[in-house]
Every structure is written in C-alpha cells, then in structure tokens.
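Each of the next two complexes has chain A plus one other chain: chain B in the first, chain C in the second.
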Partner chain A sequence: MAKFETPLLDELEKGPWPSFVSDIKRQAKKKPVLEDLLGQVELSYKDKETHWKHGGIVGVFGYGGGVIGRYSDMPEKFPGVAHFHTMRVNQPSGLYYSTKYLEQILDIWERRGSGLTNMHGSTGDIVLLGTTTPQLEEVFWELTHNLNTDLGGSGSNLRTPSCCLGMSRCEWACFDTQAACHHMTNRYQDELHRPAFPYKFKFKFSGCPNDCVAAIARSDMAYIGTWRDDIRIDQAAVQGYVKGELKPNAGAHAGRDWGKFDIVKEVINLCPTKCMSWDGKELKINNKECVRCMHCINVMPRALRPGLDKGCSILFGAKAPILDGQRLATLVVPFIKMEPPYEEVHALIEKVFDWWMEHGKNRERLGELIQRLSLKEFLKAIEVKAIPQMVKEPRSNPYIFWEEKDVPGGWTRDLAAFRKKHPL
Partner chain B sequence: MPYDPKNPMKDRITDIGPRHYEEFMPPVIKKNFGKWLYHEILEPGVLMHKAESGDEVYTVRVGAARLMSIELIRDAMKIADKHCEGYIRWTTRNNIEFMVDNKSKLEPLKADLKANPMFPIGGTGACVTNIVHTQGWIHCHTPAIDASGIVKSVMDDLFKHFQSMDLPAQVRIALACCLNMCGAVHCSDIAMLGFHRKPPFVQHEVISNICEIPLAVAACPTGAIKPATVEGKKSVSVNAARCMFCGNCYTMCPAMPLMDAEADCVVIMVGGKISNRISAPKFSKVVIPALPSNPPRWPEVVAAVRNILETYAKDANKYERLGEWVERIGWEKFFEKCNLPFDVKTIDDYTLAYNTLRTTTQFKFS
Partner chain C sequence: MADIEELKKKIMEWAEKSTKPKFYFKDIGKAAPEVGLREIKKAVTALVQEQKLELWSSGSTSMYGVKGKGITEEAQMGKHEE
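And now, the complex of A and B:
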C-alpha cells in the first residue's frame, strides 16, 4: 500500500515511453524514502510549483563542488526527503561501464542513498539523487577508497569535462576524445573541485563537426575534431551508392520512400561550398574549398572518410541565454594536433583561465567577458594572432579602439604648433 | 578501514578523477579502437560498425527516462551480463546501448530487450530520439515547470517516430524547466522551456539576513532591482516593468521567489541545431511565447510539438533539419504552415535584437 495517493502521477504510468513513475514506485518498495518523494512530486503536480527549497551549502571536506544541497519545503509531511542532496560522480569518458563497476556504485547508493539516479546529468556526470548530510562523507569515502572514483564539479569551478564516444566506436573521430577528456579532467582536478572561478567553466570534446556532445553550444572551451588534408574517396563505393547497392546515410532514412538515391541532388548540390562534382563516373572534391561540414561523409560513409592529418578546432565562449543572451562558441584555433602530452593546449587553457579570473565579474561566463572586453583583448591575453577564420565578416563600423603604438607619431602632440597653423 | 566521522581527514583520498575508460570497453571495442571503417543502421535502434580488422560490433540502442532507479539499471545490467560480456554504455542523450560482437548474438539480445517495455529499441537515424532534459519538480528549486512528466507525455505521443526513421532528418527535442537551461535547449530542433511570468516577491523582513543585497542588485541584467529601505529594514525594490523574469535574482537570493502556478508557462522554441552539417549551428527561436503548464499530461504542449513536427515532416526535403527548412521557406511561411498566430512577443527586444529584424524588401505574402 502506497504511503500517498498519487492520482496525477499515476497518469504518467500510461503510454509506451518508459515511465519514471512506475520505475520509482517499484524502487519505493525497497527504498521507502521514495514514497515521500512521490508524495511531494504529486503535491507539485497539484500545486504546479516545486517544493524544493533554495540551495543549502553542503559538501565533503576540502571540496567546493560535487554535492548539491537540496531540502524539502515540507519536511514534516515528507520526512524521507527532508534532506535530499545530489552527488555528482565523475563519469568515465565515453560512458562505457562494466556491470561489475556499475554494480559497486549502485550498491553504495542502495545502502547510503535513495536508490534514484540520473544516467546521466546534463553535463555528463553520474548523478546520485537524494541522500542525507551524514551520508555525504561516507559515500565519498567509499567512492574514493573502494572504487577509485571521484566526484564531479558544481558551482563556480571547472565542470566535469565530457566527450563523445570518439575513436572507441566511431569512424569519424579526428582525435581521441576520451583520452583528451580523461587527461584534462585529471590535470585540472584542483580547478574542478575547488571553486576559484567567476562562474562555471565547461570543456567538451567532440570528435568531428557533427558535434555529438554539443560542444559548440554548451562549452566555454569546445574541442571539435577536424582534418586539414583531403577527404579519402573510395570511387567503387561511390558507384555502390549511385547504383543503389549501398544505403545512403548508413540507412538513417530507411523509414520513408525518398525515391532512388540521387548523388547530384543529395550530395553535390547540398555541399555548402559547392566544391564537389560528379560526371557519372568519378566523384571529385576540390578539398581546398571544403569546409568539412560532414554532409557528404554522413551520406556516403563507405565511400568517403575524413583525411589523415587530423586534429581539432578550438572554439570559446558558448553558453545558454542566462544572463546576457545565448552564445555559440567562437572559432579561435582553427587547427591543433590534439595528442599527448597536450603541452600546447595546456598553455592555452591556462592563459584563458588567468585572463578570465583576472577580469571576469561574479557569474560572468567566458563568452560574456569576451563580449564585454572584445575578442581583440581575449586574443591579446592568450597570445593568438587574429586571422580571418575567426569572423563571419569584418566589422561594419570603423570605431576601432586604436592604440597609441599603432598610430604614426603617437598621441602626444604640440598644441601650440597646431594652433599656429590653425588659429582658434 | 571505513570512514571515521571523528577523524575525517585521516587517510583521505582526493583529486583522483574518474576511472580510466579503457577498463570498461567491451573487448571488440578495445581491440578495434580507432580502426573503424564505417557503420550501418540495420533497422531502427540497431547499428553495425565495421572495423578494418573485419570485426563487427552490433549495437542495440534503447530509450530510457534519464531518471532511473538502481533496480532498473540492474535490469539493464542483467541483460548486459547475459548477452554483452558484462558491458553497457549510455549515449549523450540518455539512451542505453548494448553491444555484441557477432550478428548471431543480436536476435537473442533484442528478444530479451523487447520482453521489457522499459527498454524500447529505437533512437537512430532520421527519428525523434530521446529528449534531453532537466530535473523539474523531482529535484530542482528554480523550475517553472516539471521536466520528466512533460518529456514522458511528449515521447508517448511521438513514440512511433522514436521507433521509425521516417523524418527528413534527425529531430532533437530538448526541455529545460527554467532558463538556466541545463541542457542544449537553446540549440534544439524543438525546445520546451519553462518560464516564469511574475516578478519576484521581496521578503523584506528577512532579505537582509539571508541574502547579500548588493549581489541581488547586481544579479539583475536589466537593472530592475535597486537597494531600498522598507520599514526601516535594508531591502530592495523591483521595477516590475523592467523584469524579464530570468530568475537570476532568486538564484542569488532565496528571499526573492518568482514561481507562481498561475503564471508559470511553457515556451516553445524551434529551429536550432548543434551539428555543422550543411549549415552552421543555429539557435532555437521562440515561436509560441506561452502555453499553459497543465499536469499531469500537458496536452497543449504535446499538441504544439506534434503539430510543428508533423508540418515539418510533411514539407521538408530529405536531410533538411527543422531550422534549415524554416530558413528555406521563410519564417512567415513557417507560421502560416503551422497555423500559428504570430505574436509581437516573439520579436526580440533583448541585447542582440537588431540582428533578427528584416532589413530587406524581400519577403513572402501570407
């Protein structure tokens, strides 16, 4: 017998999509705190308002992130969720698990938490949802001592870096996203656990311009794989697509009859720079004009592959609208080899951190700081030369903040001599 | 030695980072790392990746509510133990993937997954895959709407598109329960966003005890919050006409709550994308300024999403993402084809507004 009636939530047990309500109800039989959770969420469904209180500073000793304090605003009615803190556990790169390892995490959460998780949080962590304050150190102890696993980030620090599955199972990955993500996560542990930044900072690693971790939209520093030589072509396989022997886009459109594959209509004419041609026998690509959008490769994965001189582009400053409006990341480094020991990348990262920590205001993301102080100032701070690849177009106003050193003769002038020539 | 609360710093381990991913890769993945040749989608939810070695890995993708109990994860792990040598992975959109190294292992794996309705197979190719979303009423203190319940309602309604590949291109749907947007809502094909519409209360009697007033003042992007003395106590005043309901003040100061059952609503945004494929990544744009937040099934939101999706599915060219379709036909035609009223509130008046206004005589008549 359930502790609370949940007629509204029960409506969400219907329908074909997996029901979180049915799932929580089943788990509640073993974890009674979830009865109180269901009761409180049912009340929210009735009130159309949340019943979680604002924040609360809790954590583990020595860390300023990784734990989010959460308290019910109706603790008498729902005592099981009076404290219901979240712990963010740093996920392995690429989100692969052995069941043996995962079972150990679940076991901790069965003994010390609510039994509820997010697989995964938006930033990528394993999110353990709901425990009490005294359990926080216990969970952290067991994670670090028994599982060799650390917490992730929260608050004004480096958030847990995340990546696509990269070379582990994707033919398009232009760098080892998992290795880079793992390496940077470990190198910047201090920044991840101890908030010293103006606000959050995110690294995301996508292996190709398809950008499966949304790096260009969501990370302050986005690493997106690319290449700088020629797309590899297997002309026989191109013929295979043209003849209908191979399924375009790896079969991604098989649910509808789109007619016979038409290479001119579906590939050549959709190329954003029109750098491809097809004469019925041979596919030609003018690689100098290619912007590596991935469309032709996505459509004909057996015929076309990224080049061999691979690396990544680095873009800065993406974020959601809060506060000064949404931003996509800005291209700053067109190409860099993304390989161990990553020394060049470390140097760049550390210059970015230094500049942002020196100039950023409280809760100002990197993109907003670049907006406020200009890309020019950012480039100066990180010692990168301006190139046309950084802009869609040059400025259309001439209000350049000239510096004295760039103006012939400087700014010190002789007013007397001027007035002798041009009397007032 | 277990944790000793009397001596918390004894033998403490910190700053060790995550476990190394190589420990968790199935053997066929580890062996062919970086040596994949191509992939095929054999049917909705089933992928085959071919390696240079000739090895093949077959992946079955299933949908999941990202909010998962440990019991449900254990159900998935049992299947992984039985069929996948004890390995399992999640995708960046909260789907679960089961991998086997031989085609003969595929059908038995699928059969066990199909036996559990909590593991629907799908989410590949030109489909509606899992909705990226936030916490909502299950665990967040700032939401204007729930998250999991709306996602469940919308996915129930669009379920056939999860299990088929009949759309012009992939359609990425996202939900954020407030505009902090813990998810890529600002760059999704279709986005649902929870929004407050009443300015914050000011709890004058406690604000100076529980908030840093200068931080609350500085939190406001429009300068609507000013320091004020109310009945002899230090507090703030809010210029309601300048409030854009972002909730940043509440994030900084619990004495300024915004939520309100009557006013909190769902904004529908469309046409965003992340991928650099064909056209550049784009932001989602507001096309419906407010729909009622109606638990438990949010019928107005479900209908609006379906309407936009189906209009797009009928009208767009193959490979065309929702935003690319709208740019081709023009926004005036989007509102006409979707039978949506154009509301002056959808015209931008924030920091980058001018870039969105039409500055040409080229337009289409409605």
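And now, the complex of A and C:
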C-alpha cells in the first residue's frame, strides 16, 4: 500500500513510453524512503512549484563539485527525502562498461543511496540520485578506491568532458575522441573539481561532423573531427549503389520503400555546396568547395570515406539552456591536429580560460561573453587570425573591423575632405 | 608570486566584512586586485580545505561563503530556522 496517493503522477504512467514514476514505484518496494519522494513530487505537481530547496552546501573533502545538495522544504512531511543529494560520476569515455563495473556501481548505490540512477545526465555523467550527507564521503571513497572512478563536474567548473565512441567502433572518426576526452579530463582536474570560472564550461568531442554528442549545440568548446585532403572515392562501389547492389545509408532507412536509389536526387543535388557531379559513370568532387557535411558519405559509406589528413575543427560558445537563449558554436579553428601530446590545444584552451575568467561576468557563458565583447576581441585574446569562413553572412552583420595598423599604408581620416565630396 | 598566507588573510578579511553571505569566485578577486585570479584560486582552495570558507552550489553555479555565515548545513536540513 503506497504511503501517499499520487493521482497526478499516475497520469505519467499512461501511454506506451517508459515512465520514471513506474521506475520509482518499483524501487520504492525495496527502498521505502522513495515513498516520500513520490509524495513530494506529487505535491509539487499539485502546488505547481518545486519542494526542493535551491542548492546546498555539501560536497566531499577537497572537491568543489560533483555533489549537488538537495533538501526538501517539507522535511517533517517527507523525512525520507529531507536530504536527497545527487552525485555526478565521471563516465568512462565513450560510455563503455563491463557488466562487473555496472554491478559494482549499482551495488554501491543500493547500499548507500536510493538506488535511483540517471544513465546518463546531459553532460554525460552517471547520475546517482538521492543520498544523505553522511553517505557522501563513503560513496566517494568506494568509487575512487574500489572502482578507480572519479566524481564529475558541477557548478562553476569545467564539466565532465564527453565524447562519441569514435575510433573504438566508428570508421569515420578523424581523431581518437576517447583518448582526447580522457586526456583533457586528467589534465584539467583542477578546473573540474575546484570552481573558479564565471559559470559552467563544457568540452565535447565528436570524431566527425555527424557530431553524435551534439558538441556544436551543447559545448562551450566543441571539438569536431574533420579532414583537409580529399574525400576518398571507390568508383566501383559508387556503381554498386547506383545499380542497387549496395543499400544506401547502410540500410538505415529500410523501414519504408523509398523507390530505386537515385544518386542525382539523393546525393548530388543535396550537396550543400553543389560541389559534386555525376556523369553516369564517374563521381567527381570539387574538394575545395566541400564543407565536410558528411551527407554523401553517410548515404554511400562503402563508396566514400573521409580523407586521410585528419584532425579537428574547434568551435566556441554554444549553450543549450532549458528555456531560451540557445546558441550554436562559432567556428574559430578550422583545422588542428588532435594528437598526443596535444600541446597546441592546451595552449589554446588555457588562453580561452584566462580571457573568460578575466572578462566574464558572473554566470556569463563563453558564448555570451564573445557576443558582448565581440568575436574580434576573442580572436585577439586567443591569438587566432580572422578568416572569411568565420563570417556567417557577409556584409549583413560584419563583426570584423579593421584597425589602421592592419591595413597596408594605413589611412588618415579627413572628415572635412570627405564632407566636401559627399555633402549632407 | 604573492605570499599565500598573506593572500589568505586578505581574502578572509574581505570575506568577513562582506555584507553578502555568499559571493562568486570572481568577486573574491576584489580582496586583492593586484593579484591574478589563478593565485586567488590557490588561496581560496587552501581556505576551503582549512574549512574557513565553504562552497554553496545550486548544481549549475557555485558560490563561496565564510563557514557558518548565512545558510548553514544544519539549517538546510531543516534542523534550525534561519
């Protein structure tokens, strides 16, 4: 018999999709404190306001992130969730687990927490939901000593870096995303665990422009794999697609009859820069005009492959807030080699951190700061030259202003002479 | 390179005088404007470890405060009224 009636939550169990309410009810049979969670969440729906207090002062010794304090504002009514903290755990690169590891982590959380997890949070962390203050150090000790696993980032920190599964399974990866993600996680431990930034900062690594971790939309610094030579073409395989011997998109859209594959309609005409041509026998690509959108490669993976001179593009300034103000990242470094020891990348990262820490207002993300102070100022600070590709819409919104020293011969302004020629 | 003990003292003096119970990291820079934020961070980290300063976080952002000033851990658990 449930401790509280939950008519509003019960609505969320209807329909074909999985329901967090059903999950909590199932777990409440093992962990009666979760009856209080159901009761409090039901009341929040009824009152149309949260009954969690805002934030908290909890953590593990030496760390300023990874634990998010959650306290009920009605502890007498819902004592089971009087404190119900969240722990963010740094996920392995590419989200690979052994069964043994998963069993161990769930065992810790059944013993020391509510048993509820969120696999994975939007930053990528393993999110362990609901424990009490005395358990925090215990969980941390077990994670670090028995599982060789660290807490992730929260608050005004570098957040847990995340990556696509990259070279472990995907032939399109242009750099080893898992290695880069792991490396940067280790190198920037201080930034991850000790808050000193104006706000959150996210690194995301995608091995190619398909951008499976949505780095371009969700990270302050997005690393997206690319190449700078030519797309590799296997003309015999192109014929295979044209003749219907190979399935387009590797059969990914086979659930419906799309008719016979039409290379002109489905590939050539959909190339965003119209840099491909097909004369019935040979596929040609004007690689200079290719923007590496991946469309043709996605459709004909047996025939087309990324080039061999690989690295990544770096974009800055995205954020994906829940309510409004979404912003996509801006391309700043078109190509950089992404290989150990990553020294060039470190130098860039550290210039960005310094500039943002110095100029960013409290709670101002990097993208907002760039918008406030201009891309030009940002480029100056990180010592990157402006290039035409950074200009989204030439002439309509120019944000690069030349200074006299940038122009050979400079200029002198003689307003009187100008007005004489162009009277008002 | 600032003397860290000196810097810690300046930060605590500033923090104790502050009318706000919690402050952003950047604001702590005002305690010693002549010093870079990286130096400030070292001193602040040491002060947190010595449990003179403490951290408050909403999950998305973080603030520092003098331990025991403003909202306390006990008050959060509903044991005391502020």
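Keep this in mind: the second predicted complex is superposed on the first by the 381 of 424 C-alpha atoms of A that agree within 3 Å, B and C clash if a C-alpha of one lies under 4 Å from a C-alpha of the other, contacts with A are read in each partner's own complex, and residues count from 1 in each chain.
As a working rule, contacts are C-beta pairs under 8 Å (C-beta built on N, C-alpha and C of every residue); 3 or more make two chains touch, one makes a residue touch a chain.
These figures come from a predicted structure and were not determined experimentally.
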{"item": "Partner chain in contact with A:225 - chain B first, chain C second, else both or neither", "value": "neither"}
{"item": "Touched partner set for A:62, first chain B, second chain C, both or neither", "value": "both"}
{"item": "Partner chain(s) touched by A:317 [first = chain B, second = chain C, both, neither]", "value": "neither"}
{"item": "Chain A residues touched by each partner, larger count belonging to chain B or chain C", "value": "B"}
{"item": "Chain B versus chain C as contact partner of A:86, first or second or both or neither", "value": "both"}
{"item": "Partner chain(s) touched by A:362 [first = chain B, second = chain C, both, neither]", "value": "both"}
{"item": "Chain B versus chain C as contact partner of A:100, first or second or both or neither", "value": "first"}
{"item": "Partner chain in contact with A:157 - chain B first, chain C second, else both or neither", "value": "second"}
{"item": "Touching partner for A:54 - first (chain B), second (chain C), both, neither", "value": "both"}
{"item": "Partner chain in contact with A:200 - chain B first, chain C second, else both or neither", "value": "second"}
{"item": "Shared chain A contacts, counted only where both chain B and chain C touch the same residue", "value": "53-55, 61-62, 86, 362-363"}
{"item": "Touching residues on chain C, where the partner in the complex is chain A", "value": "24-27, 37, 40-41, 44-45, 48-49, 54-62, 65, 71-73, 76-78"}
{"item": "Parts of chain A lying in touch with chain C, wherever the complex brings them together", "value": "53-59, 61-62, 64-65, 67-69, 71-73, 75-76, 82-83, 86, 133, 154-157, 194-200, 357-358, 360-363"}
